[in-house]
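Okay, so subunit A shows up in both of these, paired with subunit B first and subunit C after.
The block that comes next holds the complex of A and B.
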């Protein structure tokens, strides 16, 4: 006798909780061949607003954690991802229509990327900061500090191109977290399964609620609200290639945001992605009273 | 030497004639005594707590959007008593509070001014000096006058634990320094012990201390501190007591005790005010204070006022919000409506 499948209704991840969309809307996720897979919440502008409030509330705590501690917390996520390796492979196979081997490669790559960025947490300041020579008895130090709340449009697996929903998400999410920013990320619209599973990993890890907020739904609908939001400090448009991203840049300029421009495919690991969401603070300090 | 405490200890046993407060004499007759006051207050019908909370909850579900919301946000600002009541208050803090009262949103000068600033008694001269020519009644002949009043908390705020002489001196001092409104606290201990006459006498005496040299009176707001009165029946009795003794406003809380203002308690007080208006044609003000931090909450209060006593109560002489952080949230919502994008805490002043 065959058993009824129990399809999952995926929800959003805001402030450490899994709410449905405020709008009550959902949309269908299908396999690569168009077969119904699951329902996902379709986030509205008000969900984005709530996510920004959650991210803002969590920002000072996350930024005030020591760099070493942030590195440990991020590394722990990689451990949990490793434990759920098989689940992520299954989801990628069903949602992206790739082979099991390709899916395994993507999950491995995602975990390695996560570890790579986690390692930077207590090292990027030494690389990007500096002790500046000045003509006086002062220490003059420049250190990178987190920008604040970062909105991200994750890489979107558009028709015709090869999607990499998990690796794409990890490649934009991890670098923003390293410096102590909190994040509101719009997941791959057509392939959000691994994003929600990642949210489940995050909620059982040591990442404080609100540090990562994941929205599923239409980037075209949500991104303009995040780009114009005065309480968002930076916007990463990596996956916004298909949107009117020049308009998004203009809206972001009105509220003085850092903007990372769209980039096709999955961005490579780089220190620049970490430093894109930092602000340099320079302090003067007397050398001694001797 | 006469002990100041002797009068209060005797009150519960010996029938005492109370000060002939005008409203109480009209309502209860000429032979105003502790006994007649008690009979009246204890004769008030009990409060249906479930019904009250349900009614308050249903009033909180109204959806106020677009132009109505814009109107409501401006109205909320016009009704705010912008408050700072900290031990760490300084003259500089009061000056910045006044600056914010006069220009709530420097990026949008169409934002109206608040009704009053509310400070401790010793800060009144600083508030008056900082307001300068803008010090006055917020209600003009044709709507808002653009003036801001000074309200002072008095009578050993927030506990009220001081002798009557100290309370009266506290009040008279604030009025002398230019306070337009006095927020007094009732003696909750005496009220809960059933010494209604004592509470009544104190309000009458403080009202008299609000008298200025020219014969006019500073407005008297009577703080019931509903969080300490424990039951809705007590809130109804205390509201009646405060009105009978001559209060111009009844105010929920000091803001120093949790729970502070809640919607059901405010609804109940508004109902007393409505009943008083039907009986006498006289309008009493209501001021919820403490714990109202978001525009969404404040709009629920506006709806409750309009539905309970009527829209004519939505003016600074009859309704106020005692709040400090509420103003920033209202300004954020206001900026969202005018600019079309969400605003952030970086775009309003830090209090």
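The block that comes next holds the complex of A and C.
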């Protein structure tokens, strides 16, 4: 006799908590073949704004953590993800309609991506910073610092292309966190389940609440509010190719946000992605004339 | 005659050999512009200096075409070491003609000759010399092996440091292998045109540097030109926003160096003598026409009175007047328009309840002048504490704890620069960490160097100028260069769709 399973309720992830959308809306998630899987929360403008408030509240604490500490926290995500490997494989197989082998590859790659970026936390400053030989009795040092609150449209598995909902999310989320930014990310609209499962990993790892906020729902609906939000410092439009992303960029210009433009597929691991959300600060200090 | 009264010591203008009128500098030669020419005047005397051509959209097109041709036919084919040698030549020619350039700058801009002679022009030469050496070392610029130039750079510069801003723009662009079309500010075109003569003397290949003079429309045409790959702008945040919108979805790379409202924080353990000099330098250098000026003095409450009293005493000794006089500390305001803005905001400051104090000095009859002014007891919400005045006006606010100083310093949409004065190194470093600004000066202010990156956080813009970081703003990685050609068509399609939508929305409103 087979046992009746206990399905999971998928909600949003804001400020370290799992609220339903304040709008009360959900949308149906199905398998590739159209079989019902779950009702995902359909985030609203208000949810997006709440997420920005949570991200702003967590930003200075995350940025003030030592680089070694941030690196360990990011590495810890990889550890926990490894432990839940099978769960993510199952979820990806059913939601993306991919083979178990392809799902395993995707989860492996997602875990390794966390490890790769974790290692950068205490190194990118050395690589991108500089000691500057100015003409005069001054100590002069340039270091990259986090930009602040970053809004992200995660890669979207669009019809006709192979989705990579978990790897796509991790590939944009991890680099933004390395320097000490906090994030509001809109997950793959059609395949959001692994994003919320990842939120469970984040909430049980050492990532402080509010550092990562995950919204599920329609990027076309939510992204314009984030692009125009005055307390968002940067917007990553990697997964916004199918949206009216030039309009988003124009909206972002009102508060001179840093913008990363759309990129098809899953972005490769790169130092550039870390540095895209940093600001170079240069400090001059006088030296005594002795 | 007190010890503060000096006999006049004006720098002679006989070193200048100015023409009556200047054309546009396109493809290596001066050509007539097709817009209506305008006069450049001395802001200190309102006397006519020369007639300047105005570039029409068609002229901008010609200049961009010249830059494109030079990029493809000559400049991108040259070795890095040869590009570097041209830049070294330019640096040397600037040094040779330094006095002439300083006099022209002071005449046209109104800044004191001691500043143009000792700060602006030496930094211009240094900037070219620094970036000259980078031209054959691009593999070490931090973008991996074989980084690529972007192509044609459109560069728009402000009137506060005309020749220096030109150097900040042109030197790294050329070192990285780009060609440029530069538009100087309308009121200060003169030294850019003298620079064009230097370009000729250096025998720089035709079209590598093009200079189009004119007003805002000329700049707009340049920014929007479809054959431009990079836009670099220094100026107001309002124009910066428009540029960011205009280039959205075009694939053009952008650097924006915009406004500021810098906090200059003085702790009670500061070396007060130096701090007073630093505050004066921070806001009265170049008549306060400095985007990174220390326009908000945050002084610890227990030394507030002492600092303000000493500031007033010091300001009373500043000499305002003929910018060409070697003893002049405060020159002329660059234009009537700017003077009006300074007056307007100062009146608002007074109306909003701040205590106004003006240095006692004689204002010359002609020209545009504004005496050094301090507003004390300014509230954080006052417009003179929030808006960039871009003039010799200092707003004084107080704080009690470092945390309060940091909160007040960061309470602005800008984030270009900040100053910290304290003899306690650990306090300086801790406060510097917390300030959201791109350049922090500790126990000094308004220092610039080609090796030191400069640029803002938040609404002060993005990208850096100076140093290796400033070079990277004109380069792209080899991988990105290869994928860019694939994406260009996607860019223009997305941009066109956005414009169509905007147009449709506009029509809807009309109905």
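Quick note on the criterion: the second predicted complex is superposed on the first by the 280 of 290 C-alpha atoms of A that agree within 3 Å, B and C clash if a C-alpha of one lies under 4 Å from a C-alpha of the other, contacts with A are read in each partner's own complex, and residues count from 1 in each chain.
FYI, a residue touches a chain if its C-beta (ideal position, glycine included) is under 8 Å from a C-beta of that chain, and two chains touch if they have at least 3 such contacts.
What you see is a predicted model, and the numbers here were worked out from it, not measured in a lab.
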**OP:** Based on the superposed arrangement, let me know which partner A:282 touches: subunit B (first), subunit C (second), both, or neither?
**Re:** second
Subject >> Touching partner for A:255 - first (subunit B), second (subunit C), both, neither >> reply: both
**OP:** Would you check which partner chain A:28 touches, where first means subunit B only, second means subunit C only, and both and neither mean what they say?
**Re:** neither
Original post:
After lining up the shared chain so the two structures overlap, which partner does A:79 touch, if you call subunit B first and subunit C second: first, second, both or neither?
Top reply: neither
**OP:** Using the superposition on chain A described above, determine whether A:128 touches subunit B (first), subunit C (second), both, or neither.
**Re:** second
Original post:
Which partner does A:136 contact after superposing on A: first (subunit B), second (subunit C), both, neither?
Top reply: second
**OP:** Please identify the positions on subunit A that touch both subunit B and subunit C, taking each partner from its own complex.
**Re:** 254-255
Original post:
Across the complex, what residues on subunit A touch subunit C?
Top reply: 127-128, 130, 132-136, 138, 140, 142, 147, 233, 244-247, 249-250, 252-256, 258-259, 261, 272, 279-286
Original post:
Across the complex, what residues on subunit B touch subunit A?
Top reply: 335, 340-347
Subject >> In the complex with subunit A, residue positions of subunit C that touch it >> reply: 126, 142, 237, 240-241, 244-245, 248-249, 251, 256, 258, 413, 415, 425, 428-429, 432, 437-444, 447, 449, 451-455, 457-459, 461-462, 464, 467-469, 477, 494-495, 497-498, 501
Subject >> Parts of subunit A lying in touch with subunit B, wherever the complex brings them together >> reply: 49, 52, 56, 225, 228-232, 251, 254-255
